[in-house]
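Next come two complexes, and both contain chain A; in the first it sits with chain B, in the second with chain C.
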Partner chain A sequence: MTVMQHVWIVLGVLFVLLNIAAGLIWLERRMLALWQDRLGPNRAGPFGLFIVLADTLKLFFKEDWIPPFADKKIFVIAPAIVVASVLMTFVIIPFAPHIVVADLNVGILFFLAMSSLGVYSIVLGGWASNNKYSLLGALRGASQMISYEVFMGLSLMGVVMLTGSFNLGDIVAAQHKVWYVFTQPLGFVIFLIAGIAETHRLPFDIPEAESELVAGFHAEYSGMKFGMFFIGEYLGVTMISAMTVVLFFGGWSGPFLPPLLWFTIKTFAFIMLFILLRASLPRPRYDQLMEYGWKVLLPLVLINLMATGAIALWLRGSH
Partner chain B sequence: MHDADNILQHLQQRFAADPITEQQTVDEILTLWVPGERIVPMLQYLKSSISQPYAMLYDLCGVDERNRTKKSGIPAADFTVVYTLYSFARNSFLRLKVALKGEFPNINSSHQVYANANWYEREVYDMFGIVFNGHPHLQRILMPLTWSGHPLRKEHPARATEMGPFKLWEEKEVREQDALEFKPEEWGMRRQTDDADFMFLNIGPQHPGTHGVLRIILQLDGEDIVDAVPEIGFHHRGAEKMGERQSWHTYIPYTDRVDYLGGVMNNLAYLLSVEELAGIKITERAKVIRVMLCEFFRISSHLVWFGTFAQDVGQLSPVFYMFTDREKIFDIIEAVCGGRMHPNWFRIGGVAQDLPKGWDKLVREFVDYFPGKLKEYHNMVIRNSLFKARTKGIGIYSLDEAIEWGITGAGLRACGLEWDFRKKRPYSGYEMFDFDIPTAQNGDCFDRAVVRVEEMRQSLRIIEQCLKNMPSGEYKSDHPLTTPPIKKHTMQDIETLITHFLNVSWGPVIPAGEAMSCIEATKGANSYYMISDGNTSPYRARIRTPSFPHMQMVPFISKGYTVADLLSILGSVDYVLADIDR
Partner chain C sequence: MNLLFYISSAIAIIATFMVITRYHPIHALLYLVASFLSVAMIFLSLGAPFIAALEVIIYAGAIMVLFIFVVMMLNLGDDTAKQEKQWLTAKVWLGPSVLVVILLGELIWLILKGNPSSVEISVVDARKVSAALYGKYVVAVEMIGFLLMAGIVGAAHIGKHHRKLTHRFLAEPQNGNGADAIQEIQKEPLETVN
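And then the complex of A and B:
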């Protein structure tokens, strides 16, 4: 590939992602409305699509305000971290054959590293806001992170074992015959749970918990800085959906349709699942999530790992 | 009555040296005037030493007696403190009155006998300036701390126009702001212990989880609640004071707004006591119409609670489905009354109009439609395991604690006591209906929810019976004191015309006397204790609302839980701020 091709891929991915993140505002509001017997935004433009424009404009034109009691530098950096870390993750995702920004050999490890960085934005944002609700949100964010990070990484090791590589391109190729969702069902379920916790979406929106902490870690944010958290959240949803597709649902592979389309269809199916979850489930308490993570999911994921290892060895031995 | 005499004899034997006078009241509740210095031992005696004790302090209020003209049979007093006790074993009320003399009299505090006396005494102090000796924290509760004067005293103005224009100059603003600052030391709280620094978190008055303008200050160790102080009064609109300058008839719309989810059920509580004072008998048709509308409002109020409770624990969708169903109820209410949330539709002596043509079709449709929905909601919320995890074992209180704190309604039934005033002290013809009292055993948030959901089914049963057996006849009784006065009695001669004119313009004169109603409202027992001095407006209108004691108990049941649990607890208590503050 030429340098120009690389540049075009990077720009293309960035352009599409930011548009998807903005478009998800509309999609989520419409879908939530559909599931909640409401209409949702349907006034501006066809199907209310221009609400995206209106929302973005509003965020841009709001006063860029930093509370006088906040820790200014960190307050500004925090929302940037979330967007940057999520965008970085997209670097390794193979959208279609040859459409990948960086085909890293340590793809999964890179993904895990970036997803851990994301929580800094919550902790720092909550701390720098110098507000008690934000602080509680930050504390909850930190405690949530240590409850899902461990089993998130371990849940993917089964996939790595079966493929024998951390490279996402290899993982997609290895699912040519059978998707990993069939050979690693437990790994899939646990990864999805960890993914929801990672994106801080209902039922695991514990750090912002609207009915308890008002808005939690981003209570003091407004304007485009709040918009960054917002975009970060939607990018996170897209990222976890894309990762699930790559790791468990054969990535871009599929019959008849072009690979890129397959990838998009699968990813959007998971985005819809995220929205549906938000429409249906209540939120556990943060200590309940921790307990569940350490006492239930961690043992399960270890069992999954051992079983996968044993079967892999047995299969190799029988050849 | 045998039972009541018995109590009087017991008291006279035990407190032989003290004068105890009986007062006859219209509502036939045993009313005794007792000396102020003996009130605490007497309450103690009635609560714990007699068989079938008066376990609950149902209400505690004050009366400014200085302007009262019809005082025959009443000891001379400037102020009266009225203790209303309730015995579940006897199923009877007992009213103790203490006559106080002087501008700002004092009396011993009874908070050590009944835990819920604490807030009631603060309210009496706030409203009348009566001082309760030995009270742990005698501070204003409904009015701002900076307020001067005590609103329910007769000399206190009742209208804004009597008080001069309102101005908020800067010093005043600063003073008001300073008064709102929470000082933990005032409440006997420490800022730190040897191994923990406490955080004081201010929740409300603007907070999505408080369901209104309620402020709760939490003393937190991490996210664990060490102590909590609710601050109420932001929704106080002086409903009791307004009663004293409205006519008996024009006060009805104000009652709609006390428990603003209960609609006409508030009218009923008020009118039952007025009709008792006036001696009006209600026609069968009016009774059944009233019952039907009250039960519709019970379902509607429970639907709001159900949806918002689910939302409090993070479930976003149910509230939309439930509000849609609430709209269906409001459609029926609107077809019958013309109004929706505050129909203001009951009248002294009956209801405002007869049921419209085709009402039965509307009600029938709802009765057929709703059970399926209830089942769906039960599966969606109550059976959800995350919902169970957030509500089971949270905010527990025992039956004894519930009675001690004056809890009524679903919160009491969730502790295992099968007690519903509709069944135990039937009013407005509830004895004619066939329904069950749902109960639960554990007294936690989950059980309170289960009880309320089942109550909606029972209300639906009652509505169905109303539908099948709606009696024919008049929708308002033929009595000279009913409002608006009945037209057919006028236009005979000048006398009837004058009577009609006066009853319309000034409103009816309700005979002097005292009466208290007691209904099972949406949130618990609601009472209007009306005192008439034989005038066109009440002399004193006391509203005993269920939410007030329920809110008082919140710190007690939320200690040791987390901030997230507090929201479950608040949701499960089901209060309305207007019902607390009046």
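And then the complex of A and C:
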């Protein structure tokens, strides 16, 4: 591949992702309305699509206020961290054959590393706000994300064992015959739950919890800084959906249609699932979330790991 | 590759220096995160992508978050920064610095004398690391496992607490004197007020 092709891929991926993140504002509000028997935003433009423009304009023109009691430098850098770390993760995702920004041989580890750096955004944002509700949100966010990172990493190890590689391209190629969702059903379910907790979306939006903590870690943020947290969240949803597709649903592979279209269809199916979860499930209590993680998910994921290892060894021995 | 190595080493040194000289604990910890990230970059430039990824996941992503978590809980204000300022006097740091500068001189002499580029760089992938860990060093890995287990058991022991005070609606009548138990529970908060 020439240098120009690389540049085009990088720019294309960035353009599409930022537009998807913005478009999800409209999609989520329309879908939530559909599932709640309402109409949702339907006035501005066709199907109310221009609500995205209106929302963005509003965010840009709002006063960007930094509270005088906040730690200014950290307050400013926190929203950038979440967007940067999620965008970095998209570097390793193979969207279609040969459409990948960087084909790293430690792909999954890179994904885990970036998602673990995303925690800083919540922790630092909540701490720098110097507000007790923000701090409580940050504390919850830190413990939630550190805990669920463990299960996320372990749930992926079954896939790594079956493929024998951390490279996402190899993982997609290994699912040529059977998708990993059929051979690793438990791994898939745990990865999806951990992914929802990592992006702190409902029902796991405990760091925000607007009914108890105002807005949690971003209570003091306004204007485009709040917008960055918002975009980071939607990018996170897209990223977890795309990773689920790559790791468990065969990535871009599929009959008849072009690979890129298959990848988009599968990813959007999972984005819809995220929105449906938000529309239908209530938020658990904080201690329930932690107990559920450490007492249910951790034993399950370890059993999955051991069983996968034993079966993989047995299959290899019989060949 | 060499240029990458020198840039990330320079960042590591600067970041670590900033860690020592910051008065505010959270700012110091953030520089420490930057230092870990640059060390990961050094590993990557030396052909160890697996260790580089683990450096970011474990040190920068998990351990430092816990450090920041604890510092956040301590709620150290400006007073600690002032205290820190008083502690960091020339009398304290001069002695160790002189000793370290001597070591640095030795290192520079060694590099100038020897041929640093003779250090051969070979890519160590995840498979090689695992083969070494679970083949050659399997006893050491298991010993470390026991050590970590001891830590978990200790944490579980410290974290375990017997509930002394149950809510009066939940207090079960025992040996027929349930009423007394309820009375006791109601009395307790009053005593603490006095």
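Some observations on this one:
Rule of thumb we're sticking to: the second predicted complex is superposed on the first by the 319 of 319 C-alpha atoms of A that agree within 3 Å, B and C clash if a C-alpha of one lies under 4 Å from a C-alpha of the other, contacts with A are read in each partner's own complex, and residues count from 1 in each chain.
As a working rule, a residue touches a chain if its C-beta (ideal position, glycine included) is under 8 Å from a C-beta of that chain, and two chains touch if they have at least 3 such contacts.
The model shown is predicted, which means the values in this text are computed figures rather than measured ones.
By the document's definition of touching, of the two partners only chain B reaches A:Ala279; chain C does not.
Touch criterion met: A:Ala142 reaches chain C, while chain B stays clear of it. Legend: residue contacts after superposition of the two complexes on their common chain; A:Arg38 is shown touching chain B, with no touch to chain C.
Looking at the shared chain after the overlay, A:Glu63 reaches neither chain B nor chain C. When the two complexes are superposed on chain A, the residues of chain A that touch both chain B and chain C are 139.
The touching residues of chain A, counted against chain C in their complex, run 71, 74, 104-106, 109-110, 112-113, 116-117, 119-120, 123-124, 127, 135, 138-139, 142-143, 146, 149, 153, 166. Across the interface of their complex, chain B is touched by residues 32, 35-38, 132-133, 136, 139-140, 202-203, 205, 209-214, 278-288 of chain A.
For chain C in complex with chain A, the touching residues are 26-27, 30, 33, 49-50, 52-54, 56-57, 60-62, 65-66, 68-69, 72-73, 125-126.
Residues of chain B touching chain A in their complex: 199, 201-202, 207-209, 222-223, 310-317, 320-321, 324, 384, 386-387, 389-390, 562-567.
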